[in-house]
Structure formats: structure tokens, C-alpha cells
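Below are structures written as C-alpha cells.
Common to both upcoming complexes is chain A, partnered first by chain B, then by chain C.
Let's look at the complex of A and B:
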């Protein structure tokens, strides 16, 4: 029998935290290479399965994912009147904010910033199309890693956006009755101000002025590409920043692999696992039938829809096995034993060839076996 | 440090005048001789005392008092005797004041006592010792205690009674401000080093005016001691309490604790404290710094930011001077507060340390052209730096050039950071092998095909939206799963989430069900296993450890068999199966160690870090 006092306390704190507005950022991986592979595999597998009279087993294609994300976004904004939603798309080395858009600010000025499901669908699809056009028409040659999505960069952008919102919230928000220039700032042309103003209209002013976190921020990273090994440091730095700001990061990895024993394709993203574990978020890597036929929508809604304050009382998928092994800062390979610079703590699989640490340029003394201490 | 023979003339001892000679073996005055070993301690008369007396306390509680001709000789002889006593204490195995140096080897008796005490106090250690040393003879007594050397040292220190007194470097924060305080010789020495004023006061007051105990009691109760800790000393507290009592007696409304505390804190500034007076005296007596020290010369036009007093409030002729001297005749609160801040300033930016140069009189005498070698900036008209010119140039720059974010176009020092230059963020080595050229071309082609396909698909979506606006408001039917799939998925998700949610609480519940005897045994086995593995991995790295390593491996094998026997004896019930599983990690660790031993691989820097399961 549970302790009634404890459950009451938990309930009270949950209610307290639930008073905060939901501020969600969804980062969608739209890299052509990853989705192209998904597309090719799907077509090949579907052909084979149709011939055998079976239904599709995935993997998901970009159009299906876009539909599912639209459904998820609609549900997120419908859950709370005063919630805020931002959608970022990332492809190769490009990252763009597809929702909300600066050029649509005028129509929000008439009423209030209330995420409109129609707008979400339209802006998401057109935004992704625009991003892909930009990426595809870019003639600059890309190395193999750059063809994967720069999730670290998108993560960093998301953190910046969230920070911007939270800083405004801590300062007490910006009233729409104030000087027009607040709404026309060059960096975001008042989008943040609009979102902040409307979002706080229905809340207690004490929350705005005094509460460090009038928002309940979270980020959902939807990734289809492989992890970029060289972005590990940046990714982890973003994770630490998110942890420090109490931003929950959820991860959804859409693998192209339908066979768990397939070694050519990753079935999970180690970066996302570590980030979700660090920030207390939820991680899910649906595969097979869980990605197709609308099942992905159900997975997204079941796992990622719940706001952060409610998660304490829900049963959500837990990360039981996380690969915490470090990666070599030079080659990105996972290491069990490595050389560590005693100044900057950089990890290297092999002893750096020069006499300086590649990260901090500290001088490395020559190896002297006679000085090796016994444990 | 070698001290040569020193002679002091016109010394009076027992009404006889003569010469006092300090040699390597001891002191000599006429026919009277005493060796350094007989000398316990020495004391000198206070500076205020008219005679310069040196008192030697000998073993057997006898004293010898010498009168020297002047104070200078007295100070000199005091220092020399101190050096001799220091040298003697270093040579002796045990100091008479029982100073324990951490890390110093203990003698046989102390070792035995300390070991016995440790074993009596720590049951887990006792069990380990019994198993490894007595029952299985895996380790010898010395080998076992070699790995617990730090415990021995700490226990010995505790037995010797010095563990609570704090070590020198943490003394200031560790000395309690209330209750029982134990001051050892080391603590006193550190206090004298950190607070020269206290040392001076000790020399002058002890033993003629105050006894040792009285002096230290006075110090610990003084404001001088408490001020650095932000607390009120006894005197200030009494002062505060006295004021409050007076107010109450007079029928006045007490002005509140804050006012009284302010008063007391003002008193806590310490101007009334005699240690503070010594501190002030010390400052006045100290000679001005030699400003011509190497590395501290400043040329004309240069400023030393550390020399706050000299450059801001310096006095050309008199050197550092406090512009707000404490007025000892005035008990005004303000004066005391000012004095407190001045003292704090002096402590933090001590003029002796802060003044690193800039004796303005000397600087003024020098020619403006006299600069340090190779110092172009200090020359008259010098200090024009390329960077400064660039920055100053922005005042007349165009809008384009003043854009610091993009940097100046002519200057390649800045590269605009954007996602397009992601390579600037990391130090990733690009592999430039020729063998990958063909693969990269194919990869490029593949990428182009994929990109065009995906772009086409997404553009088709956009066209559909443009053509049919109702699609913006309605989600397509394929967005959600068909009922059957939805139910199956929901069931699978629910089961998975429920299973995940059971992890912690279920484990705890399961563990509670296990017999306590098993849990205790498992703990013991875990400790034994850890100890054995620690020795195993340590010995692997060492040369000439064949015999010892063999004994350890034998011990591990015995332990493994014992654990296996226990595991097989469990019943085939849920609890029994669980207990069997719980023994597996220990056995896996030992398996891995056996494997390493069989392979004979002594390489690798891991040394003790064993991966139990491989993570793919």
C-alpha cells in the first residue's frame, strides 16, 4: 500500500509543475540520403512481401513520417491552450526553423499566437520541401559524414530557441502593449515576443515574474540518419547544457533496418540514448511494423505526447541498456581503453602522434616505461 | 643547515660574566656545558623587558637563565638554538611532543597495536584478514597490510591523539570556534607563520606576563581569531549582551538585535584587540620593500596594477600610508568600521605584496627614455600596437568594416561561423586515401539519386496541398493505424512500458524476499572477490611476481569453486533461480581474470577494469 502522504506530495508537486506551459521543440531529420535509403529499402521489401501476400514491414518513408509528425504536433498544441511549439528540420549541414515562420507574423498579430493545425501541416511540409530544395541544389561537394544530418547543430539551435523563450519568461514576458520595436526585433522579428505574450496571457503573473521556469521545455529529436561521430563532442555538450537548464530531451530513432541482426545499418542511436538518459527523457527506436501503416503515429502519441510533469505518474519506455563507452575524439571510434589528456581530458584511442594534444595543444611527455606505477 | 661555532660575549650566568659558545654538540659557558640532547626548550624575555634574558629548560625540569648584552644577540641566539632543536627533532625517531607525520614508517610495536586496533574496529576487514591471511594463506601479513597502509596511518594518528587536531594546511578552517580545541605544536607553528602578530605577542608576553595556556586561551577568545571566520568573539558577544542588559535595565526599548549586533561587530573589528595592536606595530616596523628586485622594475609610463596604494594613494616620501588611521581615543563605531575595512584591505592587498614597484620618487628621477631592454611599448611615443590601431580604426570605419561579426574583409583572422563551416567545430581527421576515391564517386551518385527522389516526393506532397486545401485541415486516413494493428500495437506498447516500469521496485521487492543469510554471504563474497581481483590485476603489471600471482590465482580458483558449490546447492525455485543468477556476475569476473591469466597477456593499460559483458 503506498504511502498516502508521499503520494499526496507527489500529486501536489505534479500539479504545481503541470501549471507550467508546455514548450516543445521537435527536430525532424530530413536528410535526403537517410530517407532515400529508407525509400529504396521500403520499395524493395514491399515488393517482396506483396508477392508473398504480406503487409508492409517498413521502414517508414519521409511522407509517412511527416504525416505522423503533423498528427503529433496537432496533439501537442491541442493538449494545452497555452502551449508553444517549434519545429526544426535538419538536412545535411543545414538546419531551418519551419514552424513558426517570421513571414506569417502579421496574421498572428490580428489575433493571438495560437498554433493552428492547418498552419502546422502547411508550414511543415513546405518548409521541409524548401530545405530539401536548398540542400539538393547546393553544388558544394560533401564528405560522407556531411550527408548525414547535423543533429548536433539542430540540437544546439533548439537549445538556443528554448533559452530565448525562457530568458524572456524570467524577465516577466513582453507585453504586446509595449513599444512596437519589441515586436520587430531583427533577430526573430518579434516571434518570440508574440509567443511569450500569448502564452502567458492566461497564467498567473507571479509565474512569469518569479518562476525560473514558467515554461516546461522539452525537445524531441526524430532521427533517421546515422550518428555523426565527429559531432559527438558537440552533441554531448548540448546534452549537458540541456541538463543544466532542466530541458528534457526525448529521442526517436527511425532505423532503416528491419532485421535486428543486420550489421550494416544501425538499429539504435548511441548519441540519442546517452542524451535521453542524461536528461531523463524517453527514448524509442520503433522498427518494423511499428513504423508503417500509421503505427508510427500511435507510437509517437503514446510515448512522446505526455508533458514532462505528467511523466512521473506514467509508465513510459525506459532505457535499460545504454552504451556509455566513450568515443575517440580523433576518429570517433568507440573505445574501452584509451589515452586521456590530463589537462583537457580528451580521449584518444591511439597515443597522439605529435608531441601535443590535438585538442588543447598541451605538451605530451614521451612515454617512459620505467616510470609506470604499479597499481 | 650547518651552524658554525658562535660566540656571544658579555653574557651573565649565575652572576658570572663570560662568553657563551654555541657549538655543534651543545652550549658552553666557561666550565658549564650542556649538549643539545639535554635541551628541551628555550624561552626569551619579552621585548618590553629591560634585560635580554635567555632561559633554557633542560631535562629533569632544571632551568638555566643567561643575560645577554643586547636584544640583537638574544634574537640571534634564539634562532640558532631553534635551528639546532629542529635538526635534533628530525634525527630522533619519535618526537617528545608526539608529532605524527603521515607516511612515516611505524615501529614494530606501533604497527602491531595499530593493526590489532584496526581489526577490532572493522569487522569486514577482520573477515578479509581471516580469510586471506589465516585460512587460505593467500597473502602474507605484510602483503595484506601493504594495501591498507592509509588505514594504518589514520588509525595510528587517531591512537596518538592527533587525528582530530587537523593538519596544518586546513587548520584555519578546521579549528572549531567553540567547544574543546586541541592545539598541538604543529598548529601553533602554523599560527605563528600565518599570523606574525600572534608570534610577536607570544614572544613578548609569554612566559612573564601570561602562561602558555593563558596566552592561547586569550588568542582563541579574541576578536583577532574570530574576525576571519565572520563570527563574534567572546569579548564582542559579552559587549553585545552587556549593552542589551543595560538597555533593558534602563527601561529603554532595546533597539533590536541588529543594532546590537552591529555594535558588537564594530567591536569585532578588532581595534581594541591587543593582537591587532601587535599587527599594527608589526606593519609600522617592517622595512620598505626593495623596489629594485629583479623582475619588478617598471619603466616610465608603466603601471603596476597591483600597487594600489602606491599609485592611488601613494605618498612620495613616506611610502604606503593609511589615509584613515584608526583613532584609538575615539570609540566611535565609524572609526572602528573603517579600521576593519582598512585592515581587511591590507590583509587582502597587503602593501608588502601589492607594491611590486613604482617607487614614484625613483621613477620621477629616471629619464623618460630609460626603458627596459626590448620594451618598445614603454618608450616615449611607443605602445602603438597593431591591434590597438585596428580597434581604434573602427571609430572611423565604414559600416561594413565595423561589422565585427563578419570581421574585416582584409583580415583573414576571422571566419564567419555558420553551419556551412561545421568543420571548424571539430578536429576530425579526414582520411585522404586514394582507395576511397571510387567509392566516394559512387556514393556521390547514389546521394544525388536519393536526394532527387526525396525532393520529388516532398514536392508532390506540396502540390497536393496546394491543389486541395481541405488536406490542410484534415489528416489523411493513413495517418492512423487500422483498428487491428492499433490494438496489437497498443498491447505491445503497454506490456513493454509495464515491464520497464517494474525495474526498480520489482527488483527491490525481489531482493527483500531473499533470505538475509544469502544476502550477507553475497556481500562477503563480493568483498573477497574484489580483494582478490585487486591483487591479481596489480601483480600482473609487476615483474617478478610469479609466485605471488600463482598464489592469488590459486586463491581465486578456490573461491570460484566455493561459490559454484554454493550456487548449485540452491533449490530450483524462483528464489533459488534468482540467487543463482546473482552469483553469476562474480563468477563472470573471475572467469575473465582466469582467461587473462591463461592468455598470459600482461599488456594493456586497463589494469583492473574488466568488461563483464560485451555491448554490441
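Let's look at the complex of A and C:
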């Protein structure tokens, strides 16, 4: 996100203009098992610390996180008059949009949008509660992956929602109808009207609401459960789609591990790191004390609140070492040199000993020095 | 959108639309008058039909990625042959603005970006044919900026020349130059040539079919061509014999879509000699480092630049500026895991969605709770109409498709079939009633999400929940 050196005035005006229509989507991971683990650890640690007379240092629990997220939402909504906010919640295999609900979203597209901060907190809490009830009363048997949440599904839904907004405001996005005159849908005029009349009337003529630079859509993924290995593909697809649509993705990983050497819980999410690095977002994994009490709210507000164009002048946590190395499909070890099958693109650390590729069962061609042909 | 250019009649031979004069005078069937004497185009496609046709065309296209789990060549070496002869220096009313060459170069700029996006491990090169000679404009490489600059320079040079100076088009020379260069590439990639021409004749030193074609087939080079004026039989013959595709330009949007189809990896050619086998290619995954002092780093075309961030080759520890690249010192292919991940969606495409119409609801069935009587369906006020279908949605969460079948699963856009009946004179609205269903997870999606999922995202949010 490095901008070339500009004069102060143009930098400020770029920030002003780009601030106008910020579109934020927050994806909150509310998986019961992950948060249950947090709860158990918290209770165990608290007992020890309270006996010693010290305050809590444990990982956050769901109630605290909900309060912090509500605080963040209120701030995002209050920061800019023309900003929009959508919240999705994920729990194990289910995911739903908790704010705004279907009818409100439709109304917002048609008419006016006045996010009521009380509404946000109410809908978020009832939504998460309903989602959790659904998941827990689901009579499917518990599978070993149950500590992991369907973040990829939520990420995809968030991207579809953003695409819908962007198509409506004609600022990009993919639509099945590519002729411009088809894009005038009467039902969605509300958003366009809202976006255009907000803000200073004087600046309105100079700013074209349809130009891509006037938008800064972003997604914040708050994850508490582990990465689902089989979703790597889907996650990367979402990341590439976000990059193409100029959507910035931020990541916040709430780890339950208090000891970095503990191998059962991870202290960072590889997927989130790669996605944030690719799209140019901010990644933060507050641990231990930074998750307790008001500290989590502080972290969320200071790191994730700033809209994208302002981030160039703020001092936000930088992602230094991203592990881009691949994992061998056979042994699971991270490799830095590997053999890649050219048909199925699977990665192996050692040349497969048999004569067939383990993934796609294609015969491995014998190395033949005379096979180079030229005209 | 125009009708397909050829149809198959009862005897099975392909006829062209312009030959079909049966069924009455074309003038009478397409142009009709309504009750007041105004002209109504009877063949005008409704929005829904336009969308259906587009989906069908994308699906039928052999190189489309919709739901075809075929073996594809992920690593490709593609040469694009640009016709810069006198045939493309004319203006074409179908391809505004500027000359045909101008239009070709414009679309190629977009193609470069999309090609590297879809095939990060592949190489691209450009050749231009002018005055009966073919020259390499930009050699095979993974560097998109070099190609962009080369195309821009060609555009500049071309704008200063007269059509007379541009000379003739020679297909054989172009293919020979491409073939010579492609022949040196490793066997595991697919070798392709894409010919973009507006010529109606070709001026060659020999016979293509007897001299060049056997060499192309022996080297497994696939030749596809796209004609901007009319189809050349030689191009079609080459395409059929080598396994490529042939297209004729209808308009600019069609041209763009055909080029986008070329950026999708084609299915692997199967021949008796080379049975379906894979090769294990050695690749390295570098680590990115940033140092405080700028150091010398290998960049493209044997240049070294001073830079702070670089990728370190795991084999020889030399620094390279950009990826994906062949290491400048030891020749190891350097890629990031995300480059490999970018190509996975070709192997696991999203299933094609099936169209499933909304169950027709009469106005009596729709509950009108809490909305005043002004929202009765026959009212023509658009505000009341919006209130009408809004009342169909409720504030419940949409967790699975069974919760609510009247709105899109991904973006929560409501489908309103009733709206179409009410305001039918406006053709624009009934497209909204189209509802696509995923065959795997049985969820419903709207047309925008369908286009977005299949073309950009390559994930189905419903299937990911399992």
C-alpha cells in the first residue's frame, strides 16, 4: 500500500474522497468448540491468578468478543456518514448474515439506510445465539474436524455481497448483464442515491461516485478456530477474487494458546496471513493479555478501524515473515524445493518412487534426453 | 446479441443463417407494428433470454471451464501472431474506434493481464507479420510489462505508417517463426499459436499444408485462429488438424470473449504416441527477504537492479526480483505456492448451475402483513411494487436454503417473479426472476452471483459449508 510522495494537499483530498463510500464486512467466528476451549482455559488460568491476587490474563471468551465487536461496529458506522456495514457469523459448518437481516437489506437497497447502533448490538447477539442453537441441535455426528469453522464459506458469501453492492453502484463488480443500460435496476436505486447525496454537496460534482477510487470495500475476518486444511484451495480462490475486485482483507486471529511452544493450538493462522499479505490488509494475532477486558476493544479499534486510504500514514502492525513455502502432499512437511506434477500440480518433496503420480494416477514419463524436438 | 452463424439442417450439413431464406421474408418477421402503428422488434431478446444465450454459449465453448473435469495442460507456451499487414490497417464499422489493428492491440493488452492471472506458470510471446515477413515482437517470457510495452510500441509505429507500406500477410512465415521458437521449449508444457488476422489471402513461399503442417503436428503445436473479416479455409484446416479452435468476429464483445476463452488452459491432446503421462518438474519455493540496504538483484532479461526486497533461490541463494521466474543463476523454476493455487480452479471447477424457475405465486398467496392497501399488485407505482415483494422477506437468518427460497443464497437479493408480470412492458425486469440452483448443495443463486462464482470466485458458498 505504498503511495508515491505526493504533496500534502493532494494526499488529503485523496483521503477525503476515498473515505466517502467505505463498505465494511465483518466475519465473526462463533464456533462453539473453539470458544468452549477458550472458556475452559480462561477458567483454569483465572483460578490460579486470582489466588495470587493478579488480574486475568487468559484468552478471551465469546461474550467479551461480542462486546468488542459491537464497539467496533458502532465506531465504523459513526466514522463516516456514508459507510455501510454488514456482519456475518460462522459456527462450525453454518454461516449466516446477522446484520442487516434480509428484509432490512432489501429496504436499505430501496430506501434509506440509517444504521441504528442499538439495532446492531441486538441483531448481532440474537443472530449469534440462533446460529449456535442451530449448530448445536444439529443431529449430525461430530467429526474430527469440528474444531475448525467454515471460514471459506463465509468469505465467499461476503465477497458475493460486496459484488452485489459494487454492481449496483456501477463501480466494478461482475454481473451477468454487461450492457450498461441493463444495469439500471429500479429496486437498487436506493443505495446509489444514498451514496451520491451523502457528504459535502460542493464536492459532489467533482467526485464521480462511479469511479473505483471512491470506494474502499474491505472485509475483516475474526477467526478463533484452526485453519481447515481442505479449504486452502477455496481460501486462495477467495483471496484472488478479492485482489481482483480491489477488496482489502484484514485478519484477526484470537488464539487460545498461552504458551508458544504448545503444539495443540496454533498461535497464528497461515491462511489468514497469506490472504492479508496478498490483498494488502492488516493481520494481527493478539494473545494473552491483549484479549482481556477492554484490551481487545482497544486492539480492534486501533488496528482495524482505520479506512484503507488512511493506512498509508498510520503505523499499523506489519506482516514481516509470511511463510509462503508449500507443503508436501505426501509427508506434510514444508519444503522449499519440490517436484511438481504437471497435470495435477501436486507437490512432492521426493520424486515419487512408483511409476504413477500419487494424486492423479497418471503414468510418470521416463526422463528421456532425446525427447526435445525442434522444427 | 446475434444468432449463431450456422445451423444444422435436416440433412445434417451445416448451413449458414444468411442462406436460410425459408420461413418468409425476413423483413416481415422481424419488424412488426403494434396497435398504434409504432414499430416493435419482435425478435428482441428479453433480458432473461439474453442471459440464457450467453450462458449457453459459454458452456458450449469447448475451452470453457464450466464443469468439465478434463485433463488440462497447466504449463503453456503460447505465441500470439498479430496480423500487421494492410488488411488490418482499415477501419471496421463493427470494431470501433480506429483501425482493426488498434482494436486487436487493445484487446491483447487485456488478454495479457488475464492470461497471467489464469496461468501464472506459463509463458507468452508475440509475433507480428508485416510486408510478408514475420518477426518476433516480444519473446516468450513470464513478464507482462515487457509485453505491454512491446504492444504499445507496435501501436505507435503502426499509426505512422500508411496501409500501403504494410504489405501482405504471410501465414506460413508467421507459423515457421513461432514453430522454430516453440520447438525449443520443454516437452511438458502445451505449445500453442493463436493467429489474429483480418486477411482474406495469404502470401507464402511454399505450401502450408505440405510443408508446415506436418512439422506442426510432429511438434504437437496447437494452432487456433480468429478471423476479423471472414473465415479462411486454411486457418480452419490448420485448426482442425492440430486441435485448435477457429472463430470469426461478430463484434467487439464477441472478440473479447473469444480471447478470454483462449486464456483457459485447453484440454490435453491425446495421441497414440504420447499416452497420458505426467512429468515431475523440479521447482523451488523461495523466501522473501527485505534488507535495509538496497542490494543488487537479478531482474528480467539479464539485468540487475538495486532493490531491497528480493526472493532467495533455495538452490543457489541468489536473489531474484519477481516471481514466477527461472532462477537467473541456476535455472531452477521459482514459484510461490499461491501461483500453483491459482491454477487449481481449472482442475476443480464449480458445477454449472441449473435454472430453476420460481414457483408461480398468485397475488392472493402472498401475505400482505402490515402493509397498507396501496400495495395491491395492480398498482403501477414503483414504490408500492417494492413494498410488495419486500413483504415476502422476513427478518430470520438464512442459514440453509430451506429457510427462504425467495432470495439468493449468497447475496440475499430477492427473486421476484410477480414483478415481472406486473410491469411486463419494461423488458428489463424479468431477468430478475431467473434463479439458478447448484446441483450439489441445492441452494439458489441470482444471475449476478452465478456469473461472479463461475468467472471470478470459483467457489460455491453452499458447497463449502459441508
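Everything below uses one rule, namely that the second predicted complex is superposed on the first by the 261 of 375 C-alpha atoms of A that agree within 3 Å, B and C clash if a C-alpha of one lies under 4 Å from a C-alpha of the other, contacts with A are read in each partner's own complex, and residues count from 1 in each chain.
Basically, a contact is a pair of C-beta atoms (placed from the backbone, for glycine too) under 8 Å apart; a residue touches a chain by one contact, two chains touch by 3 or more.
Small disclaimer: the values here were computed from a predicted structure and weren't measured.
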Touched partner set for A:360, first chain B, second chain C, both or neither: second
Partner chain(s) touched by A:39 [first = chain B, second = chain C, both, neither]: first
First (chain B), second (chain C), both or neither touched by A:167: second
First, second, both or neither for A:66, with chain B first and chain C second: first
Which superposed partner A:341 touches (first chain B, second chain C, both, neither): second
Chain B versus chain C as contact partner of A:150, first or second or both or neither: both
First, second, both or neither for A:231, with chain B first and chain C second: both
Partner chain(s) touched by A:325 [first = chain B, second = chain C, both, neither]: both
Touching partner for A:127 - first (chain B), second (chain C), both, neither: second
Overlap of chain C and chain B interfaces on chain A (superposed complexes): 93-95, 150, 153, 231, 233-234, 325, 336-337, 372, 374-375
Footprint of chain A on chain B - complex, ascending: 419-420, 422, 425-430, 440, 443-444, 446-447, 449-455, 457-459, 461-462, 465, 471-473, 475-476, 478-482, 485-486, 489-490, 493, 496-498, 500-501, 503, 534, 537-538, 541-542, 604-609, 611, 615
Chain A-touching residues of chain C, taken from the complex the two chains share: 47, 50-51, 54, 71-75, 117, 176, 179-180, 183-184, 186-189, 215, 218-219, 253, 268, 275-288, 314-315, 332, 336-338, 340-345, 347-348, 382, 386, 389-390, 393-400, 404, 407-408, 410-414, 428-429, 431-432, 447-453, 455-462, 464-466
Chain A residues within the chain C interface of the complex: 93-98, 101-107, 110, 127, 130-131, 134, 150, 152-153, 156-157, 159-161, 163-164, 167, 173-178, 182, 184-187, 231-234, 236-241, 244-245, 274, 278, 322, 324-326, 335-345, 347-348, 351-352, 357, 360, 362-365, 371-375
In the complex, chain A residues that touch chain B: 32-33, 35-37, 39-40, 61-64, 66-68, 70-71, 74, 93-95, 117-118, 121-122, 125-126, 128-129, 132-133, 135-136, 140-147, 150, 153, 229-231, 233-234, 289-290, 293-295, 297-299, 302-303, 315-318, 320-321, 323, 325, 329-332, 336-337, 358-359, 372, 374-375
